[in-house]
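A, B, C and D label the chains in the order they appear, each numbered from 1.
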């Protein structure tokens, strides 16, 4: 039987790569969507071409996203899992934030997420199963001066995730949101295996991806919509 | 001495007109910005042309907004108060919401608000005083299937309002957000003067505008950022 | 016609005294309930005995509270307004907080509030009008190590206020909660009348009490449940 | 090496029994604390006396709780995990809720939780590891008329959990809160293994306990404080 398909949108060296490795290891063929394929191509080679495939795609462009999901579908089949990890922002105060800054954040965090989800939902709804995990941040919950554009995009993304969850959970599609609260470190820097008592101030991307995998495995009598993740030494 | 200037963005027959009347009555010259000036021109005539002036302006266009605020400034002087009452959305499920629906909601609710605020902030910061009241809704707090686009825009707007408040309160500019929770009725349908025991299921626009006026008058030792307004018979 | 009656529970030199003065000035006869009557007796003398009356009452004792409200009713008539301003806590970490600390916070913040509200509700429900304003704090919204007992009591109080509001708003009784976020200064230290540009780091009790008075005057088409109050220079 | 110890406070036929079975299966010796030992004794017999032990203990009594934790320590050793599952409430409107109703809810939901946590914290802090999972409910987040007493106790419990988490996470003790949102069904009624498309309206206690086990296994670079759990067909 063919392996199930997982799409990861947004492939950076930290979270993105960790999502790819974790879902690959869990038995998924992984489609990697990112603007540049420099990193994702290396990952594809490392993981063996047939089970991890790189696609060049600007997640802020609905047209590119839709076309790329068509290609994924043709190459690998209908995705069972979507991890929306794209996201960026400019770090400027409210008065310095331009219409372009705000628009960019909105497109990558909110519009791109909606477009990607709309690409996978029809098949998930037909199958009455599937999982969409969205990677949010502390900024999803509140705006601060230096996160003006980023937080606005993330707040819109969270609202969209709520609307989608309320509409599609009853049909069997699990939509959830990770609130990643803290600085992200390098993979392997978390405490897994570290001596008790050691300070842990950064999120290990492997631990974030494991939390996402766990969400996709929750039984439908006890689904989570929103879970926060932060290092034990993070103040909150 | 010249009367102070209040700008109301978004002039519909309910909230918009009520904001105009209430601030006019409170001694402000009111600039009315709306796409169509049919209603605002009638209001200008009714209130006497010198103290209420209608401007045609699409709040989803930063360019038009910026130019219109220039005109307001030239005509009436620097605004002391900005009421951002523009807002709209499409009422469709997540799967039916188009990129255009989402973009429109984002532009009118979030980008337009940021642009209008950026137009009045420099003078307010120089004066170390001023008040910006943003008209939000229940959807500012959560997304539901049929509010997919509207709620995303309102969530982004609320996040922007938080970023702006945290940056400019310390400089003396009061930024606040009204969470209008319920159906809005016709002006005069509220309970003010009505017999006790009568059901009140709709918000009276006059009462909303009075709440906004009260916010602009709060002393700076006890400013509110967010207040909810709903009729006594609204379930919540 | 007899002046309407307002009961203030919790009379300290800052908020309590300010509530008394503000509602007295607004035309209410004020019943002052506090454990010690040293301050409230001075206030009674200052304001003229017939319109401000001091009662010794420990708000953490339901029995004393109930008996005192009986006395208020006999002396002054049925209260139209209740301001629940009692509240205290111990400032200890979670591990240092004793059962007694927690119980005390719970009794003064939550049980006392419920008891006081239950004493005034029957008459308010018969009249289909009345206003109950509860004085909360930042700790009403979240627990931190050094507010362990206080925050637990305030969280319980907020939950009770929500239950009460949802039950009695439709009957015409306005229940609301002030989230006082910041240090409270001396009366008169707020910015009212102060030069623009001056830092304001403390809440002026007079401004808090004015906000409470405004809540009691909201028309029932646009009632607020929860409003935050903080000085313009408070970080949040 | 001796098996690690898990204490479950509150042993009913649904959640309590599921926590016991799940942690027993995961390799823990389980101490079961409940007022009546009728059910827990049967569980002890079923699971083999040496690895599951029943204790009669009223969780609303700090004295009984403290003494019982002493006994657990003597019998089984220091607990590595505490599941606080005790909780109850009366279902009456605000006006019908008595001081006794409120006090009972407060004692079982808040005071009992603090007391149990204080009994296990010293050893956890010395070991720089341990996990405390508190079972909350939708009522932890908001009060409604018919949950007056229950919600107040649960809100206090959540506030205490926040205070405790903020204080002890940095020391290596993971404190977390499950928001169980929905009706709880019988064990085995969830969808695990059920055909896709089947409605799932109740939480399966086994799925709740599995979520708790997963929390205790989170690596400390990505700890969750609060996670919501609800059946896919639950409206929210």
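A few comments on the model shown:
Here is the rule we go by: a contact is a pair of C-beta atoms (placed from the backbone, for glycine too) under 8 Å apart; a residue touches a chain by one contact, two chains touch by 3 or more.
Predicted model only: the values in this text are computed from it and were never measured.
Touch-path distance (fewest steps) from chain B to chain D is 2. When every chain is reduced to the mean of its CA atoms, the largest separation from chain C belongs to A. Counting every residue number used by either copy at the chain B-chain C contact, over half are found in both chains.
Separating the CA-averaged centres of chain B and chain C is a span of 31 Å. Centre to centre, using the average C-alpha position, chain A and chain B are separated by 34 Å.
Within chain B, residues 166 each touch two or more of the remaining chains. Interface of chain B with chain A (complex): residues 62, 93-95, 97, 99, 102-103, 106, 110-111, 114-115, 117-118, 121, 139, 142-145, 147-148, 151-164, 166-168. Residues of chain B that touch chain C in their complex: 127-129, 166, 169-170, 172, 174, 185, 189-192, 196-197, 199-200, 202-204, 207-208, 210-211, 214, 218-233, 235-236.
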